[in-house]
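Chain naming follows the written order as A, B, C and D, and within any one chain the residues start at number 1.
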């Protein structure tokens, strides 16, 4: 199989030029002006952008949570991702407290193998750390190509580890070349505010927001950063939402520290005023919650300052009936919102078109940096010779709207209903295979591969 | 003319892969595996790195200073630069106080046109700002492709403008899409410390160092950053040397500000202990002076944090006899040291080989970021289709030593005599023409072109 | 002469208790319950506060400025001060550039000796620093009891010294036990903004405000703090107005630095909205200008944090006809406003009554700290045995209004017309002599003494 | 009973003068020059200092801890305190987790009533917070005069409450006018480091120190400060030891926050090098541990900056045999050291005599601020009319040495053996009664009274 993409404007995290691009088998094999190559398929990409397939390092597919499961599984989730130009995702395996990492891995392999359409990897969430788990951490890095370890500073009794476990985990992970990632919020404070609100009969979605004030995230981000500093372990803060948390990382720069930071597209474009509309607000009940306009400003600036490297989604969709489990109590609303399909188009339309970020930065934060930080570069995240041919052909002028009627995620509402976008992922190629074309998914469940990942470097 | 480079490891600020690279005329026209192209010249780059020609945005050629001239002119300076893999430099035009920018431009054109071997551009140093100069600033941007304006917060009476002029300059430059760069040190404090030391008979090179304490640079860097914040103008601090100055920029991140920062290779690898050796220290009399080990640590971390984007040289060589003008008085030693030839090899040997920075970061700070910040990207600073074929073929294993006996700069001592390097710029191509091969420069004076530059963006 | 004050609530910077207080001659000689002492005069102070006379360390009497003179001289100014409970002031001697400190001292002695009603001292403003002046600085400290040296970072060509002179001055002052005080604003930036506004025909008082943005003060406060840090000299920032400047001092705490800070009552209770009323705004044209509500909040918090030690007035009144010199050009409005009489009552009414500060803190910032910092403690600034009997008997419940009709300053408008106050200085005693009683001043010109001051300590 | 102290140099947190002082019954009734009063006892205090009795707000008497009891009870502890010039202490009641505050209060009343020689109050340590305890908190404030509530961020399972409980406690305490105090260290991190060290056979006292790195305290101090900021509750950090923790409070000043801070005398004069001497180091095993010289510098500067208000002792003595419980395992060494007797003399000798703090500041941090912050001012903490006559007559020239042979604490070693002091508490008066005279304690068990305390203000 070979594909020749003609005359596209090829954009990477660094480059921006017009050329032809030739794909042979699963890989990119040549780039040049007027490439005179034979190809099974020729695509005219004039006036189109050609950039690396997106990598979403923060998704939750088929995840057991709050008594139910996120409504996208590996099939529907990775298909929707492909429609949105995201060719690879990194999902989270959740260790069951008291059980092994190995068993958790087995469970997630059953969810994914044979089902995924797009490529994927796993973060391993360590929810219970002890000497036995320490050994498994090493196995995951050395044998399984799973090199990032997610931790929770919230959800006590289910997912949370304490700061003592955190420090010991960091020591092991550092020694073996991995990376510790974190959901950085002060779980104890949040639990107490939730309980207080409930006891006072404050049960609307607004109180979800008010139970997680900025300081719970700012504090925990600073605390995590301190523990990284103490241990020397590479670290990554997921789904940062607010100025306070970003400032904790900025402050740490003065002690010559480097911490990786991810935000999510929703925190850049939505704000907490959405919680004011009674139960409608349940659509955006996620943790951390949406924040204020001043936080959006801070996050965009953090991206341009190079202090936020990645934009993910924390995609974790639930059907409206699932959301309604919390109709009478915000604390029972399954946390999460559907976004896996919209990330690239939102970042392009709201970020690039508005001049907030450059086109190179767009590629960097939606694909390249995730590939580098998580050890799948240069196989993924770039358009270069020999790399996997994961490619988006993007029409920057195409105007369209987001709607539940047209999206491909397995969820019966849209968190962005009616949102106008300029720019569309028209054609998507995964490992040299046509994935999306003419609004149709050409690939079948099982095409998606598990991508083993390499060790981590703090110098990318 | 065409050149085919076979099997090189091609490295850009983002990418890293093995491929063939084809140059047609002055530009890169194709990259691929097993390119089967006819070429006038074929180079086997197996086991070699192939990266974009370096851009040194901070050099002083044939510059009148302290009663003499820097000893490299456009011919010798750009030739030495090419030997060191730097294919383009940006020199500084110095307005004479009371005279026009236009006259200064004419003077510098006479120095460069017909003489330069490598490509070049100019920063325009505004040493006297008023309404007439404001109009010329616009002309420089719109008509001359000179879009960066250097300012001095030191050298009162010769080069310094005051903070009022600075703010008015920033307003004009911002409005027209340019960039203000700065030598950020507190000139009045320094002048007073110099005078004090001289009056006390403290005349050795060491007192050059002690007359410019860290706080003079930290303070001025913060002040400049404040003025940028007030005016909204894009800004760039040249030759940053110390933790205090970097911390001023780090602090500014918390108000969502972005300031570009350049350091120079000497500040990353040399320190102030060199001033202790009596007049020998004159070799490193430059402004700002070398600093401490803790400053080196801070600067390397600033690079990895993305807060320092560029590594230049501030190349400003003087013959030993010129340096001896200050044998009895440090304040008469011409400031500057020869470095244009060593930047890439020092950064590779001390930065990449030691693990301080990644290979991508090496290219980013020695070439790509300068191209982006100064408006010559994507013509320069990258290996991409259509870009100027400015290319270094680099042997990463080649061990050699720096010496006055082998360097190509027009200066009769080396500031790095005996320094061991691993990695060497073997072959250098400029706009598709062989520039350096077999330790020989193949190009003649006049080959170097003035490269007009575009407007500036704060989002690169 | 002896006075017995019965049953007053005696308040100092530390204490708060009910007792009788006995004055013998010029000093306090006993404090106790039911003191059974003979006295020439007995005052019933039941339900009254008895606290130390205020010390205003920042006034300008009979000062030549902007082509005219401030309208209060030593007689009218110190009389008005006494009515407002301020028993001592520290005025500023202005060195004429090119002339000696000694000559300036002579000039100011002529203004004050035989005229002052209240006690006074001088700060010496060093506007031109060189070796000869350095010697005079020592004389002032050792021979004249003038131990604080005012500097201006603004008013170039008239009052400003540059940073080099500043550093050399600091070294001398430190060595001899004095204190450097500063008007910390970036004069060059301000001059340039004034010129710009004028050239654009923006001539209303509002542009006075817009020509001195917060950053001009924040920057200079940080720069001054840096120079203190470098030299180790004790320093004091006068009339701080804004959060940005306070934050510069707060930041300096992290390098274990101590800097004294003064704000003025107007910056705590007035804000920049007053400049919006066309030429009426001229009443508050002072430098620095009034700021925003957020700055008031910061300044009150700075007082409670112990980081602002003193509240002065920068009293510098001009008649309305003088103000009108700038009717067509804000830059010609004499800078300053009348406040010497209102400081204590404003701080009590707006600070203590509102709960913003404690009663002890009120005394601390209006009297005691100035006495300690400026070397006149324990003679002044306290109620203790042996101290000068400078005492205010204050009715905390007395409601009244500020008005030009009732104030005693020599100025024909009030900057606080109609302002409601609760709390009044009813009786004021200076060195054991009745100064103010029954709304009448009992003392005559010449009663006021010059108070020589001692050396400075950074540990008070 | 009446006492007349003649000619002493009376020093308070603010004042400093020579006078006679007359005590009638339990209170100070007059101060003056040449007081001609009849007195039962006349003391010549010429050349002596006369200052308020010290208040040590951090002591542990007869406290159950780590399987034993601190070796000073209320009798021996308050007697030793009196010898050292401390006339009042505030001890800690420890709630038993699962039990009520009331029961804890009862237990501590049994320890103290009839036994204490000096005056005392209690902090209530809340180790288990819930709705029932919330009600008791209100009772303690309103009915029992116990207005400060101690919390532990360490000692999980014994004393620690989590951050959720902390926030809810703060809300209640704020509402009712109390103060939350905290042992701010990250208990989980520390527990994990202890366990790690033990598992590795690292059992010497040095590992006590290495198990509590600076960051555990810096982090927790910042976290506590954040929770105060969120709730608006007044807060007080006990026994601060290090620059990192102080910087957390300094940073908080920029959001206009005020947090009270206590350090202890040992952290100002001792450092961690003491842990290097094998088991000898057990003498200084306390939590937090001693730190570095740079931390001493920071703490002294924090005192002078007004950001540290109180110096206590955390007196918690154990006999050497008790310490030896941890001879084979540092984690079994009872934490604490004997200091109640030495605080004033150490602060005078090391602080005042060395010029680190002023004499006024000495009184402020050893007595007055504690009285103000903890609601016992002006009854205690000052020399003013009507105040309790708690007075120290101090010989500033008296040279002596600390030794187990001469100290009065019930402990068989000294942590300061051989330490040379200049300055001695010669005569101590408690509520008008002679307490210490001629190196003899004149008071009997039961003389000491419980002092009910008032509500808290953040503006002192």
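Keep this in mind: a contact is a pair of C-beta atoms (placed from the backbone, for glycine too) under 8 Å apart; a residue touches a chain by one contact, two chains touch by 3 or more.
None of these values were measured; they are calculated from a predicted model.
Undergrad: Looking at C-alpha means, what's the farthest chain from chain D?
TA: B
Undergrad: Using Cα averages as centroids, what's the distance between chain B and chain C in whole Å?
TA: Roughly 51 Å, centre to centre.
Undergrad: I'd like to verify one number: the distance from the centre of chain A to the centre of chain C, where each centre is the average of its C-alpha atoms, in whole angstrom.
TA: Measuring from centre to centre gives 58 Å for this pair.
Undergrad: Can you list the chain C residues in contact with two or more other chains?
TA: Residues 251 of chain C touch two or more partner chains.
Undergrad: Can you tell me, using the touch rule above, whether these chains form a line, ring, star, complete graph or other shape?
TA: Shape = ring; chains linked end to end, path closes on itself.
Undergrad: Considering the complex alone, what residue numbers of chain D touch chain A?
TA: 162-168, 186, 188-193, 195-196, 213, 215, 218-219, 222-223, 226-227, 229-230, 251
Undergrad: Which part of chain A faces chain B closely enough to touch in the complex?
TA: Touching chain B: residues 10, 12-19, 22, 29-33, 35, 247, 250-251, 253-254, 256-258, 297-298, 301-302, 304-307, 355-358, 360-361, 364, 368, 378, 382, 384-387, 457-460 of chain A.
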